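Below is a structure I'd like to ask you about.
Here the chain labels run A, B, C and D in written order, and each chain numbers its own residues starting at 1.
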Amino acid sequence: MTEYIFYFLSFVSVLTALLVISARNPVHSVLYLILCFFSIAGHYILLNAQFLAIVHIIVYSGAIMVLFLFVVMLLNMNAESEPKKPMFAKLSAVIAGGSLFLVIVTALKKAEMVPVISPAESEIGLVKNLGKVLFNDFLLPFEITSVLFLSAMVGAVLLGKKELD
Amino acid sequence: MQELLQNVRLVPMEHYVWLSSLLFCIGVMGVLLRRNTIVMFMSIELMLNAVNLLLVAFSAYANKPEGEVFVFFVMVVAAAEVAVGLGLLVMIYRNQNTTDSQALQTLKW
Amino acid sequence: MSSSEILLLTCLLAPLSGAGILLIAGRSLPKSFASALATTSVFLSFIAAFLLFRQTGAETAAFKLNLFSWFTAGKLSVDMAFRYDQLTALFLLVITGIGSLIHLYSAGYMHEDEGHNRFFGYLNFFVFFMIILVTGANFAVMFAGWEGVGLCSYLLIGFWYKNSDYNLAARKAFVMNRIGDLGLLAGLFMLLNRYNTLDFEALQEAVKAVKSGDAYLTTATVCLFIGAMGKSAQLPLFTWLPDAMAGPTPVSALIHAATMVTAGIYLVVRNHFLFSLTPATLDLILYVGLATALFAATIGLRQNDIKKVLAYSTVSQLGFMFIALGTGAFTTGFFHVFTHAFFKALLFLGAGSVIHALHHEQDMRFMGGLKKKLPITWITFLIGTIAISGIPPLAGFFSKDEILAFLYAKNPILWGLALLGSLMTAFYMFRLYFLVFHGSYRGDAHTESHIHESPISMTLPLMVLAACSLIAGFIGIPEVFAAHSHWLNHFLGNLIPVQHPEGISHSTEITLMGVSVTAVLVMVAIAFRVYGQGKVVPVAPEEEKNPVFKLLAQKYRIDEFYNFLFVAPFNAISQFFGKIVDNQIVDGIVNAMGNLAMTTSGLLRLLHNGRVGTYLLAMTLGVILVLAYNLIF
Amino acid sequence: MLTALLVFLPLLVSVVVFLSPRKLAPGIALAGSLAALAIAALMINAFDPALGRQFSFEQAWLPDFGISLKMGVDGFSLLMVILTTVLTPLILASTFNQARSSGFFGLILFMESALLGVFVAQDAFLYYLFWEMALIPVYFLVLIWGNDNNKVVTYKFFVYTLAGSLFMLAGILLLYFNNPARTFDIDQLYTLQLSGNQQSLIFILMFVAFAIKLPLFPFHTWQASTYTVAPTAATMLLSGIMLKMAVYSIVRWIFPIVPLGAWVWGDVVLGMSIIGVLYGGWIAVRQDNIKTMLAYSSFSHVGLIVAGLFCFTEEGIQGAMFQSFAHGINVVGLFFIAEILFQRLQTHDLKLMGGLRVSAPVLASFFLILMFGSIGLPMTNGFIGEFMLLRALAGYKLWLGVLAGATVIIGAVYMLRAFQKSMLGGSEKETFTLSDLTLREKIILFPLAAVVIVTGIYPQLILQITGPASAKLGELFNVYLNYSSLN
């Protein structure tokens, strides 16, 4: 049963990912990407990483993609304003991406898999456990991220201003 | 729910590897394929997520929390990056009146 | 330090200190003081040389004054060492003796000149280097003197430096000497390579075991002789000497007649132990000397410039000296140097006196009839002319006749040729004499009214030199007349093996003398017939009708020939190297390297088309390649 | 300690000069260079040629890479140190009447420090550092204070010499990686046992740098143009001292480390240098720009120096060291005279000069002395050097000695021509009336002229400094010489 869920989710994520890059209208791309992210969140749940799944939905689907959508709308983009690439460039892009996939797959094929446990037995993804790790071992980086956010905020505001006076 | 999760073991870890590789490559392809910087940016997000997925998978199968913590940080950085990146894009659009990546050639010489 | 060493050092340092004072502080010294200082310093040198000579007999061993080690490196070790032996003794006497006379003469001759003090400085400097040249105990020290006199010669030929022609003449002299010097250096290096020493004594020891006719040594001596050729103005390196007459006349007398130009003969005589081992070189010397003697004498026949005649006569006489050396009669060669120094200095100074009286007129076409006006000059000049012509019992006769005797012993045909040269000498010298002193004055009236005999400081040296020209020959009275009468051979005998003309009986020798003296007298008579009356006056070379005479007057156009053959191509090649080869080819290649980088960078720059997509694609391909590489290898 | 002081004192003073006002800068710079001279004098006083390297100074710097501040002075170094410290104050003083900013003087001192560093460094890395450091001030001196067309010329000069240096860096790195001790320490490098091919490779790599710096034919084309456009002080530094870096480097870094490589390539180098001797001299014959003429003459002289070195005998090495010193003195003097003429006449063109001796006899006399030094007249320093070099060459191959000996003729031709064109004549040409030397100029020229004559008469003063070091090098090559004479 679970495997079917896995394969279904995988199918959705790959399909939507492909649609993201192939959709003419950027608005559609954004919407497909949101779908893709939801399916990935589903994978997280399958992997027993509930906390991350929630965070993922909030941050990506909730914040980031809304931001994207907002910008796309703001810039009034649609299929007509979309710049077109020559066929040759498209083809080379597909070939490059495909061969990259091939190379990665070949490389990973050779990789040796270490013995693993079932993700179901791991409880690290639970909020309680992850919180402990985060606030015990990774407290300093965690705090520093706040500085990162602050600076990103300042940067975004600065960039967004019309003119520096 | 518990039972549902019990069965996950039936999915081999390799499959997660294949899946995230595929997503990553689709992201790469997207970056190469499109000229709209916003879509290129989204493809980059896709690639990030592919990697995140792999990290979570590894973390879960190895029963080690660091992977997930790392994903957490990646998300943080991604959020910051998107904020700044989109700000930049809006700036560029204001100046160039387009988001076409080919419009940005002035650093050529 | 023994007394002899102190004397030798005095001999060396007196002119040096004079030169030093005059060259450094000369401009602030009064003229009279400068000339007195210079003359005194050389005279002091002469006294030292004379005292040394007094201590020296035929049997006296040579002594060496080793001042310090000049330079050493590896196997090469050269001492700043001086050597005094019989040969040096005589040369020193000539140099300092004639040197002091000429200094004295110059005090009068150069009195009006603005560069008076500088002149004496150079002249003192010259004497210093000449002494170094003849006292050097090894080739390096000798070479120092050799080049030093070249320097002074350069400075003095170009003494009147405002005149560009004089400067060119000076440069020509220096460069031509340098060509010879390269030969000399090559010879030195050959000797060094084999014997590893430059010391004359050590070399003499070293070559004792060498067989006569050794090929290596022959090459080395030929190289040495090339050096001598340059310095002593032999064919083909003689053209600088006539041009060197651009210098003041005392300079011509001292440097370009009496002393410096005989350095080549000194070199050969000093190294007789090398040359006597190499008969082939001696033959070369003989033929070069003979050719030069004849060649220069023919030119001398048709020259109008009084100093040029004397210059070509000097070249010719130097040829005679080399003939003597070529026959292996080293002492005879030196004998001619000795006598020639007196009468040629006398002739030059006499000519200088004439020139001085005529306000620097040197062209004989505008002279004549000066016998009455310049009595002392006239008499002394006549003595010099007789001496050089080889009329007994004046100095020239003895030395020249000895040369002819040796030559006859070697080959009568060569003797004939040399006799021809000597006859030409007699002819052109008497032509000169008659043109200047006989007939009537041909210059302008203004100059004529100012002609007067030179001051005592100039005539005194003339008289002394005339006296020497009269008697100098008696140091080498031929053995024909009395046994052991040849003092010179006796004196030098221990140092240089004395040769005797082989296979010639006394009667033959006397006959030869008779023939040559008679022939010379005939030539004098012809000269008198042609020029004695003052009727025939030479014309300018351009107006010469007879093509042969014209060629002679134009000195066989040898300067033009050299210009065409060497100088012009040399300059053209220099231009070619500088403008074409260096700028276009060598630098062109360098610039082409730069341009190559520029061009390729221009081409590579096209890859940077500024499209993010292209860069990304390239990056991806790069990543793929890296990964693929890792997979494959 | 003395050595480190010698190198770093000028560097420190140069910083002070950079910061000091225009009025004080020349004085401070001169004081700094004189202090360096004083240190050098202390060294000469305490130096014993027989002892080899002295005044050693060692301080670890980057121990992980085997790099240390290792310095010391042996005969070769000391000679070059003397040359540098004697010439720098004179070069500084030669520019005092020109209104130039503090930077100019600072750069000259900086240069002195770098040059001294090259001469005393006993660590390959340190040596390379100083070597490159010496290029920087010259670049700026020529670029900022050079006359017209200087940009192209400077660019070419800089790129050319830098390219050469990179080959040397490769050579040094090769040495480093072949050194099991993994240090740049010269004593370690001296003990290396390298194969013939390695030696050849390293020799070529390092020699390219030296051939460009010297310069040797056919790497010389930067020289004439750079010397011509550079401000004369920079020209003096370049010709008087900087090219001696290469001569010194050959005896310090090539001969003892890769003797076999040098031996194998010796004939090629000889060929290059002797072509340079004749070719450079020949070109100099028709140059009308006095600085260009001197540049080609310098090129010609340096060819002879290198030819002497590559005879691999003690005479040759001694001659080369002596001639390096002599050439430094002569060429600086001659360039200074060119500068004096330029300041008075605003031209370097010999065709526009003439008859200067009339109004400037003292100048003419100094010119004469320096010129004859350069021509190699006996009793001047040039003769000793030339004689020893030619002797060494003739000892190696007689015909080479004679061929290179043609320089005594050609040298006389171009030098006398220059002298004649500038100083002599005057009756038919418009005569310049120029003022004779000032006291400052006399003070600069007098020591130079005095050195020309004193070292010409008593060259042992110089020869004894480098004697034992040259002898040691000569012995090193005796093996090869004996071997080749067997065949």
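FYI, a residue touches a chain if its C-beta (ideal position, glycine included) is under 8 Å from a C-beta of that chain, and two chains touch if they have at least 3 such contacts.
Since the structure is predicted, the reported quantities are computational estimates derived from the model, not experimental observations.
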> Quick one: which chain's Cα centre is the longest way from chain D's?
Replying inline: A
> Using the mean of all protein Cα atoms as the middle point, what chain has its own Cα mean nearest that point?
Replying inline: D
> If you tally the C-beta contacts for A-C and for A-B, which one comes out higher?
Replying inline: A-B
> Can you give the whole-Å distance between the Cα centres of chain A and chain C?
Replying inline: 102
>> Quick check: how many Å separate the C-alpha centres of chain A and chain B?
In response: 4
> Where the centres are mean C-alpha positions, what is the separation of chain B from chain C, in Å?
Replying inline: 97
> So what's the Cα centroid distance for chain B and chain D, whole Å?
Replying inline: 63
>> Quick check on chain D: which residues sit in contact with 2+ other chains?
In response: none
>> At least two partner chains per residue is the criterion; list those residues in chain B.
In response: 28, 32, 35, 102
>> Two-or-more-chain contact residues of chain C, please, as numbers and ranges.
In response: 613, 617, 620
>> Per the touch rule above, enumerate the chain pairs that touch, sorted by label.
In response: A-B, A-C, B-C, C-D
> For the complex, which residues does chain D have touching chain C?
Replying inline: 156, 159-160, 217-218, 220-222, 224, 279, 282-283, 285-287, 296, 313-315, 318-319, 355, 357-358, 361, 365, 372, 377-379, 383-384, 387-388, 390-391, 394-395, 398, 401-402, 405-406, 408-409, 412-413, 416-417, 420, 423-428, 457-460, 463, 467, 470-471, 474
>> For the complex, give me every residue of chain C touching chain A.
In response: 613, 617, 620-621, 623-624, 627-628, 630-631
> In the complex formed with chain D, which residues of chain C make contact?
Replying inline: 23, 27, 68-76, 80, 140, 143-148, 151, 154, 158, 161-164, 167-168, 171, 174-175, 178-179, 181-182, 185-186, 189-190, 192-193, 570-571, 573-575, 577-578, 581-582, 586-587, 589-591, 594
>> Applying the document's contact rule, which stretches of chain A touch chain B when the two form their complex?
In response: 1-3, 5-6, 10, 13-14, 17-18, 20-22, 26, 29-30, 33, 36-37, 40, 43-44, 46-49, 51-52, 55-56, 59-60, 63-64, 67-68, 71-72, 74-75, 77, 82-85, 90, 92-94, 96-98, 100-101, 104-105, 108, 113-114, 116-122, 124-125, 129-130, 133-134, 137-138, 141, 145, 148-149, 151-153, 155-156, 158-160, 162
> In the complex of these two chains, what residues of chain A are touching chain C?
Replying inline: 85, 89, 92-93, 96-97, 99-100, 103-104, 106-107, 110
